[in-house]
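Order of writing sets the chain letters: A, B, C and D. Residues in each chain are counted from 1.
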Amino acid sequence: MSMIKSRLEAFSDGVLAIIITIMVLEMKVPHGENVAVLKPLLPIFLSYILSFSYIGIYWNNHHHMLHATKKISGGVLWANLHLLFWLSLLPFVTGWMGENHFAALPTALYGLVLFMAAIAYWILAHRIIAVEGPESLLAKAIGPDWKGGISVILYALAIPLAFYKQSLSQLIYVSVALMWVIPDTRIERTLIQNEP
Amino acid sequence: MSMIKSRLEAFSDGVLAIIITIMVLEMKVPHGENVAVLKPLLPIFLSYILSFSYIGIYWNNHHHMLHATKKISGGVLWANLHLLFWLSLLPFVTGWMGENHFAALPTALYGLVLFMAAIAYWILAHRIIAVEGPESLLAKAIGPDWKGGISVILYALAIPLAFYKQSLSQLIYVSVALMWVIPDTRIERTLIQNEP
Amino acid sequence: MSMIKSRLEAFSDGVLAIIITIMVLEMKVPHGENVAVLKPLLPIFLSYILSFSYIGIYWNNHHHMLHATKKISGGVLWANLHLLFWLSLLPFVTGWMGENHFAALPTALYGLVLFMAAIAYWILAHRIIAVEGPESLLAKAIGPDWKGGISVILYALAIPLAFYKQSLSQLIYVSVALMWVIPDTRIERTLIQNEP
Amino acid sequence: MSMIKSRLEAFSDGVLAIIITIMVLEMKVPHGENVAVLKPLLPIFLSYILSFSYIGIYWNNHHHMLHATKKISGGVLWANLHLLFWLSLLPFVTGWMGENHFAALPTALYGLVLFMAAIAYWILAHRIIAVEGPESLLAKAIGPDWKGGISVILYALAIPLAFYKQSLSQLIYVSVALMWVIPDTRIERTLIQNEP
C-alpha cells in the first residue's frame, strides 16, 4: 500500500471518526432523572441518527473510491480536505436543527451542508479521475454516477422547500440516506479480500 | 492485510478511542480546591470506570473477531457502524447515570444501551459468518457464544430490575464486565504473533 | 514501512485530525432559529476556515517531509511533539480571534502561534536532515526552503502590525495560506504511487 | 507487522492523541480582548505544557517498548488499557490544578495520577516480559529500569509534600519530565529504520 494514500485514508478516517463521535456531545446530559428531561432531547437524538448515517455513508463511499485509486496528487489532497471541511460542519448544523425542533432555517442550512459535501465529493472523484486517467479502473467503476447526481438535485430541492414545508425536506434527507444504505447492506457480491 | 478490513479496523479503533476518552469530559473540573468539591464527582468517576471497562471489552472482542475475518461485505460495514452507534451513546448514559447517583431511569437506560450494543455485536458476528461461511475459522471460533448470550439475558433482566432495586442492576453490569475481563487477563495461551 | 516512522505519522495524523475537528466546537450551537443568531458566528466561521486551511497545509507538508524520511531519532520525535504543541494552541487562538471580531491582541497572538509553529517545523526539518545527512534525498528536496522562510518573516511582521491595523495582519495570514495551497492544487506532476 | 500488535498501537495512539489534544479545551476561550483576560489562563497554560510533556513521554516510551515486543496476550491488552485509564484522568487533574493555581490538594492528586500511571506502565512492561520470556530482547532492553523506579519514588514523595510546600511537588514533576525528555533529544545513536 502506498504511504501517501494510506496517510490520506488514516487522516480522513480520523477526522470522520471524530466528527461522528463529537456529534453525540450535542446531546447534553440533562439535569433530573425522569422521562420529562429526556423529551427535549428526542429531536436532537433523531438528527443525530440522521447525521451518523450520513457520515457512515461518506466513510463507506470514500473508502470504496480510494480502494480503487492508485495515484494521489496535491490537488487530490486538497479536494479531500475540502470534503472534510463541509463534513466537519455537520455536528454544528445537526445540533442547531435538533435544538430547534427541525425549524425552517436550520433545516435549510442542514441541506446546504449536505449539498456542499456532495459537490465536494464530486470534485474529489473528478480530481482522482484526472490523475488516474479516463481508462482507469476508478473511472469505469464510478461511471455515470446517477446516485450522486440524484442526491445533489434532491438536496438542492430540499433547501428552498424547508421554508415552505420542513417535513418535506426532512423526508428528502431520510430518503437519500436510505437510498445509499439499503442496497449497500443487501449487496450479495462480497468484496473478497485475500491476505497479500 | 486487506485494505478494506484495515480501514474498518482503523475507523472502529478511532471511534472507540474517542468514545473512551470523551467520557472523561463528563467529569467537569470543579470550582474549589478541597475534598468537598470532589465528592459529587465520585458516582461520575465510578460510572466512568464501568464504561471504560465496557469499551475496553468491546475493543478487545471486536479485535479478536476481525483478526479471524477474511472477507468484508457492505452489510458487514453497516453492521459495524450500527454497533458503533450504540456504543457512541455510552458517554451520554454514563454521564446521566453518574450525575443522578445511579437513579432508576438512568440505570435502566444504561442497561438498554448495553443491551442494544450486545445485540448489534451479535448481528455483526452473524453478518461476518454469513460472508465467511459456516465452515470458516471464525464460525468455529465463535461457536455457540454462551458468554454473549448470558450477557444479553442479564442486561434484559437489569433494565426492569432498575425500577425495583437499582443496586441489583448495577451489580449485574459490574458482574458481566468482570465475566469478560477476568478470563482474558488470566489466559495462558498467548496469541503468538510472528512478523510476516 | 518502518514501524517507528509509521507510528510517528499515525500519532501526528491523530493529533492533527483532532485539532482540525475540535476547532468546529468553538462555533457554539446558537439559541434561536433565525438568521440573526447566525450573524455573530460569522467571524468565528471565517477564522475556522483560515485555521482549517493552516492545519491542512501543515498536514500536507508534514506528510511530504516524512515521506522522504528514512531514519528517526529521539530528537526527531520530540521536535515533532514540539510542532504539535504549537498547532494544538490553534483552536484556542482561533476561537479567541473569532469571538472578538479579529481584535488587535487576539490577532497578534494568532500570528505568534503561527510564527512558533513555523519555527517548530523548521527545527523538525533540520533535526531530520541532521539524522539523514546533508546528501540525503530529504536535504535536497527541502533545499533552501524559501517559502518557509518568507512565511516566518511575514508572520513576524503581522504580529506588531496587528496593533496598528489588524486587517493587514489578517491579509498576511490569508496570503501565506494561499501561497501554500494554490501551487499544491495546481501541481501537474502527480506523486505516482505504485503498490509494493 | 502482526495485526494484533498494530491495532494495540493504533488504539493507544488514538487515545493518547485525543488526551493530549482535549487537554487544550480546559483553556476556555476568554471573554474580552485584552491582556487582563489572559492572565488567569497562565497557570492553566503552564499545567498544559507539563501534561503535554508527560503524554509525549508516555507515547515515546510506549512506542519503544512495543517496538521490541513480538507477542501479545490478553493480559497485555488489559494492562495497556489500565495504563490508558490513568492517563485519561490527566486532562481532569491538569485542569483542576491549573484552575486552582497549583493549590495543595489538586497538586497532590496530579501526583497520584502520575504515580498510578507509572505503576500501570511497570505492570504493562512486566506482563509483556512474562509473555516474551526473560531472555527476550525486550527483557534485556528494559533491564533494571532505574529511571522508572526513581520516577515512582519521586511521585510518591511529591504527593504528601504538596500539603507542606506545593512548589516542591511542582519542582519534582518538572524535574522528572526533564529527566525523560533531555537524554532522549540528545541521543546520538539514531534508530535506523530500513524499509522492509
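By our rule, a contact is a pair of C-beta atoms (placed from the backbone, for glycine too) under 8 Å apart; a residue touches a chain by one contact, two chains touch by 3 or more.
Values in this document were obtained by computation on a predicted structure and should not be read as measured data.
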Have a look at where chain A meets chain C and say same if over half of the interface residue numbers show up on both copies, different if under half do.
-> different
Upon optimal superposition of chain C on chain D over Cα atoms, what rotation angle is obtained, reported to the nearest 5 degrees?
-> 90
By CA centroid distance, what chain is farthest from chain D?
-> A
Let me have the rounded angstrom distance from the C-alpha centre of chain A over to the C-alpha centre of chain B, please.
-> 26
Interchain centroid distance [CA atoms averaged], chain B/chain C, Å = 36
Multi-chain contacts in chain C, i.e. residues touching at least two other chains, fall at 1, 10, 14, 17-18, 22, 25
Where on chain A is chain C touching in the complex?
-> 1-5, 7, 10-11, 14-15, 17-19, 22, 25-26, 70-75, 77-79, 81, 84-85, 88-89, 91-92, 95-96, 99-100, 103-106, 131
Would you pull the chain B residues touching chain D in the complex into a rising list?
-> 1, 9-10, 13-14, 16-18, 20-22, 24-25, 27, 29-35, 49, 52, 56, 59-60, 63, 67, 181, 183-187, 190-196
